[in-house]
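Pasting a structure below so you can have a look.
Labels run A, B and C following the written order; every chain starts at residue 1.
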Amino acid sequence: MKQRSRFSYTMKALFSRPLVVAAAIIVLLFLLAAIFAPFLSPYDPYETDITGALKGPTAAHILGTDKLGRDIATRLMYGARTSLLIGFASVMISALIGVLIGLVCGFYGGIVNEILSRVVDALMSIPNIMLAMALSMMFSSGTIVGLMIVLGLATVPTYARIMAAEVMRIRDSDFMVAEKVLGMSSARKIFSHLLPNCISPILVVLTANIGTTILCESSLNFLGLGVAAPTASWGGMVNEAYMMMMLTPAYALAPGLCIMLLVLGFNILGDGLRDAIDPRLRGTL
Amino acid sequence: MGRYICKRLLQAILVIFLISVFSYFLMYLVPGDPVYAVLGSDITREQYMEQFYLMELDKPIIIRYVHWLTRFLTGDFGTSYRYSVPVSELLAQRLPITMYLGIISLVISVILGVLCGTICGTNRGKAADNILTVLANLGSVVPGFWLAVVGMYIFSMNLGWLPSYGFAFPWEGAGVAASLKQTIMPVVCLSVGSIAGLTRQMRSGMLEVIRQDYIRTARSKGLKESTVVVHHAMKNAIIPVVTIIGLSLRNIVSGAVTIETVFSITGMGSLLVNSILARDLPVIQACILIIAGMVAISNLVVDICYGYLDPRIRIQ
Amino acid sequence: MEHFWEINKLSVSYKTMDGMTKAVDQVSLYVDRGETIGIVGESGSGKSQTQLAALQLIPVPPGRIDEGEVLLSGRNLLSFSRKSREMREVRGGQIGMIFQEPMTSLNPVKTIGAQIMESITLHRGLAKEQARKEAVALLEKVGILDAESRLSDYPHQFSGGMRQRIMIAIALAGDPEMIIADEPTTALDVTTQAQILELLHQLSVEKHIALVLITHNLGIVARYASRIYVMYAGNVVETGTAEEIFHQPVHPYTKGLLKAVPRLDSEDERLTPIDGVPPSPANRQKGCQFAPRCRYATEACLDGGIPPMQEIAPGHFAACHLSSVRQTAATAEQEKQENKKPKPAPGEEAVLRAEDLCVSFAVRKGLLMRESGRLEVLRNVNFTLHKGETLGLVGESGCGKTTTAKAVLKLLNEATGKVWLGDQDLLAMPERTFKKQRRRIQMIFQDPYSSLDPRMTAGGIVGEPLFPYGLVKTRQEYDKRVDELFRLVGLEPSMRDRVAHEFSGGQRQRIGIARALATNPDILICDEPISALDVSIQAQIINLLEDLQEELGLSYLFVAHDLSVVKHISHRVAVMYLGTIVEITSSRDLYLDPLHPYTRALMQAVPIPDPSAEKQREQVILGGEVPSILRRPEGCPFSNRCSHATDLCRKEQPQPKEVKEKHFVACHLY
């Protein structure tokens, strides 16, 4: 019961800032657009119409049409689907694996942790996008699921590292010593105390990482290493459009703005969540 | 300090070794027959077997890895499937361009990032802080490739001030002015993300430091606010910023992949993209190993600098 | 008469999420030249905020100075802006400051020389070379050896006490006329505390510097301050000369404070705690701030507005609605009710016995991390804890008292020797076997904040071991037992569903005690259980522990650094120094007849909250620093600080001897 009051306190602290509210609204709008795309737009995102290609904004097509005559606004909504799906799913995949690895390393520490740290160092030396590019060769890409796995695996090291640090901090705290003094089992220590206390910082990173992952996803799609052709993606749209910018600037500009807005939304939510959870900062912003 | 450096050095060597393991084994997990990848599928059985033995595919993967690593260490990076030239030759052309652009971007990012972050941190909540923080937030979310596209649209297509493609060093044929013009847009696009990241880090570092007890001590001595900031706060706040310079380099190289593609610059980034599209394994392996190795080494350098900057590590 | 430093009706507030909160409310005080005053109060009383605000050192925003004036030789400092030249000349130039935390108050990346010279060049306009000479002179003055060569060292190369000396040198660097010392010794050990206070005192006499001592420790101000201000919840509630405040206190808070603190020189009578919890600035009362905790409070106190200062005697003011006559009547009534029964005598049966307990860690060197030596934290510690007894373990930081506590709980793999729990050696048992017995020996932690899982409810924390140990069978039994435990430690069972952060420090400590009691243990290891609490709360917890002992027949191993507290609560006391027990005897005997030179020095360093008692005590300050086990001298560990040390002491470590009945000392003198 009181768990809820703590939650509501954090939420109150979170949404007391107008900026965070604005970010939440942005994310929500994109989410709604992605979910209800078929109802919001009368157009089919895949039906081509060469004769009506590359038209500027009109009343019928508020952002104009792309090089195959498809409505850009509609494609943007379906692009939001791609980005959000991949963003959420890959962050879930990486968080799940990363948290498990981090938990084991942090709890046992010592040599296990030392080895993991070096592996993580090595993986983190490879720029994210390059790791994702290399991985994309393995997981037969071109599908949304493939890209989810690729981006998910590429960010596992980040979570493992944060989780290991967090677990080690909590493992050495007095209340964990109290558990030992009470003679409680390892399972109880891990699942009743360690994990619940690690959730908050992971949640913060998770929120902000959805944004980062979407950024990476759009880069891959821009390079043509992401989802295959007819599927709408913002990065892919920029790639299709940038050579024809003199004709239809909105074609290339709009998807970029969408990426920025959505990523910004997640970043601000993440920052706001951190400030709301971290009691040292509470009330000072 | 000596012990600290030794420890970091050993760690860096281990990390680079692990990177080599990853880049080798990762590539061998790629589905498809490597023989066909080299010669194409239209080959005779004899040709296939010849290549099969040439690539030592009959031997265990550990042996192949050891041989590959030995050759790699002697500078033989293999032959590109796609271009049929030694990978080392390709890299000799491509690497300097990416390094040149990357280092310029890194220097600019560090200087501007520290400066902006300090301004924000010391003027918390005022106009300068608000404007810079908004810019930093935008800077860290704008996709580099899109920024490049927009820059190209405005400065090349509409205004015609800057060229939209290509790159040459200042000491090459086209001259300094032409090279500079070609450099501006890629460098700006590469640095924006890092400037934003460093600004945010420096800002929060400053905010953290400014509420420390020793800053109160400095103020209680009657020092001028500017002295407190420059001599007491910045010296402390910059230490954690140094540790993320390695990360910045990594992000800049990441950006190079897309930005080189947009501006048709023949650097490592565009080489990697083309090699992945063509499944040119030796090139991909070499690219990843070299880039990640550089990042690892820069992390080592940064760690040593960190140790030097922080007397608590320098003197034990 | 014009005072040197005068604060008039100063109010300071802070902006927080709950709106504006008043940290300092209409505070007035003054200091004359060369005078030493004390400002006493608990955390959140506004004692530091008043001084920081006067020098405009509080962060603005969220802080704000609402009203008032601050006069320095008649000049109102608040008329200058925060960053003005005038303000900067006052700070460091006319008024030097010393802060509580020597570990964090010096800039870690600048040499101490630079940090001292900075002030000298700024305020005295000396050239660099001269400033350097001056810095060396200052360091020598504050007692830093080898000053010349240490100028280029960094703060982390000094111990806490040394860093506080450097802070003093910095405060002196601008040649100030007044020094404000904000809890200057709170973070330090008691022998170091005595050295630092003595140094400050001597400097103030020698250079005729006014000294403002801000502290929560009544003993400190009794020894040094001529006048005292007692602050509570942002108000000054009483002020007067030290003698008046200590001998004829008027305000109920001052009285309560004096009775709540155990004194080294008093017989062990029960402490009288102040009820309730210190108020937070966010939640100020309409009337007298102290009214909710005051045993004499009437209607008028609760809504009659903040009581004005009334002159009781010349120079003695108090802010209380009640006349002292009515208070006295009520006090007599109260005291009659509180029976002063003596502590019950402990049993003869040994419940816990440490035999040659040693703890040492490997020192590793080089790249291969080869073991190059062992760091001995504990050296052959022997003691016996009887049933129903409290054994106090006292010593300064690094003496190994907490290590001892952890070792007997089998929390350290490095412990060797024997720890007998009844007739079983628990160090010899594998953890798997011992786990089932862990319930018999429980622990109370120092930090009430980090020792409770922030994500669990209080009821969940207290009841956690009940099911695993099979102490309850059903949900009903569980609820009943948790409620019972809550009542046992003086908490409302209705608070079961709150999470830890909704409780105050004292309440959290009660939850920690309830958790330890849940398994029906025989022994409680109390590791500094009150040192993180406010003075007025400490007495509540001490009394609770005493009551529980009587009720449940518990045995306590009570680890603390505060000799007065240990002496008060314990039947017997063991004094530790650098990993060995140097003296062990009954607490009464220890006070009346301390034998080991270290015990004597410790006794003398503990201040007594009574100015006249302080004047009669002999003042011998133990020199030297609390050494670390890294540099333990050969032979007797105390030999390098002991004035009686002989060659034998420096060669051979003394073994404990029973010098008098049940009075053991490890010293070659006996």
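Throughout what follows, a contact is a pair of C-beta atoms (placed from the backbone, for glycine too) under 8 Å apart; a residue touches a chain by one contact, two chains touch by 3 or more.
All of these numbers come straight from a predicted model, not from anything done at the bench.
Student: When the mean CA coordinate of each chain is compared with the mean CA coordinate of the whole protein, which chain is closest?
Tutor: Centre-most chain by C-alpha means: C.
Student: Based on C-beta pairs in contact, work out which chain pair has the most and send it over.
Tutor: The chain pair sharing the largest number of C-beta contacts is A-B.
Student: Please tell me the distance, in whole Å, between the geometric centres of chain A and chain B computed from their C-alpha atoms.
Tutor: Taking the mean C-alpha position of each chain, the two centres sit 22 Å apart.
Student: Cα centroid separation between chain A and chain C, in whole Å?
Tutor: Chain A and chain C have C-alpha centres separated by 48 Å.
Student: I'd like to verify one number: the distance from the centre of chain B to the centre of chain C, where each centre is the average of its C-alpha atoms, in whole angstrom.
Tutor: That pair's centroid distance is 51 Å.
Student: Which of the residues in chain A end up touching chain C in this complex?
Tutor: 1-3, 5-6, 13, 16, 173-175, 177-178, 180-185, 188, 192-193, 196-197, 279, 282-284
Student: Over in the complex, which chain B residues touch chain C? Could you list them?
Tutor: Residues of chain B touching chain C: 3, 6-7, 10, 125, 211-214, 216-225, 231-232, 235-236, 239, 309-312, 315.
Student: Quick check on the complex: what are the chain B residues that touch chain A?
Tutor: Touch residues, chain B against chain A: 11, 14-16, 18-19, 22-23, 26-27, 29-31, 137-138, 140-146, 149-150, 152-153, 157, 250-251, 253-254, 257-258, 261-262, 272-273, 276-277, 279, 284, 287-288, 291-293, 295-296, 299.
Student: Once bound in the complex, which stretches of chain C touch chain A?
Tutor: Residue positions touching the partner: 16-18, 62, 409, 411, 434-439, 441-443, 445-447, 450-457, 464-465, 468-469, 497-499, 501-502, 512, 515, 519.
Student: Tell me, which parts of chain C touch chain B in their complex?
Tutor: Those residues of chain C that touch chain B are 55, 57, 59, 61, 83, 87-93, 96-97, 99, 101, 104-110, 118-119, 122-123, 153-154, 156-157, 167, 170, 173-174, 367.
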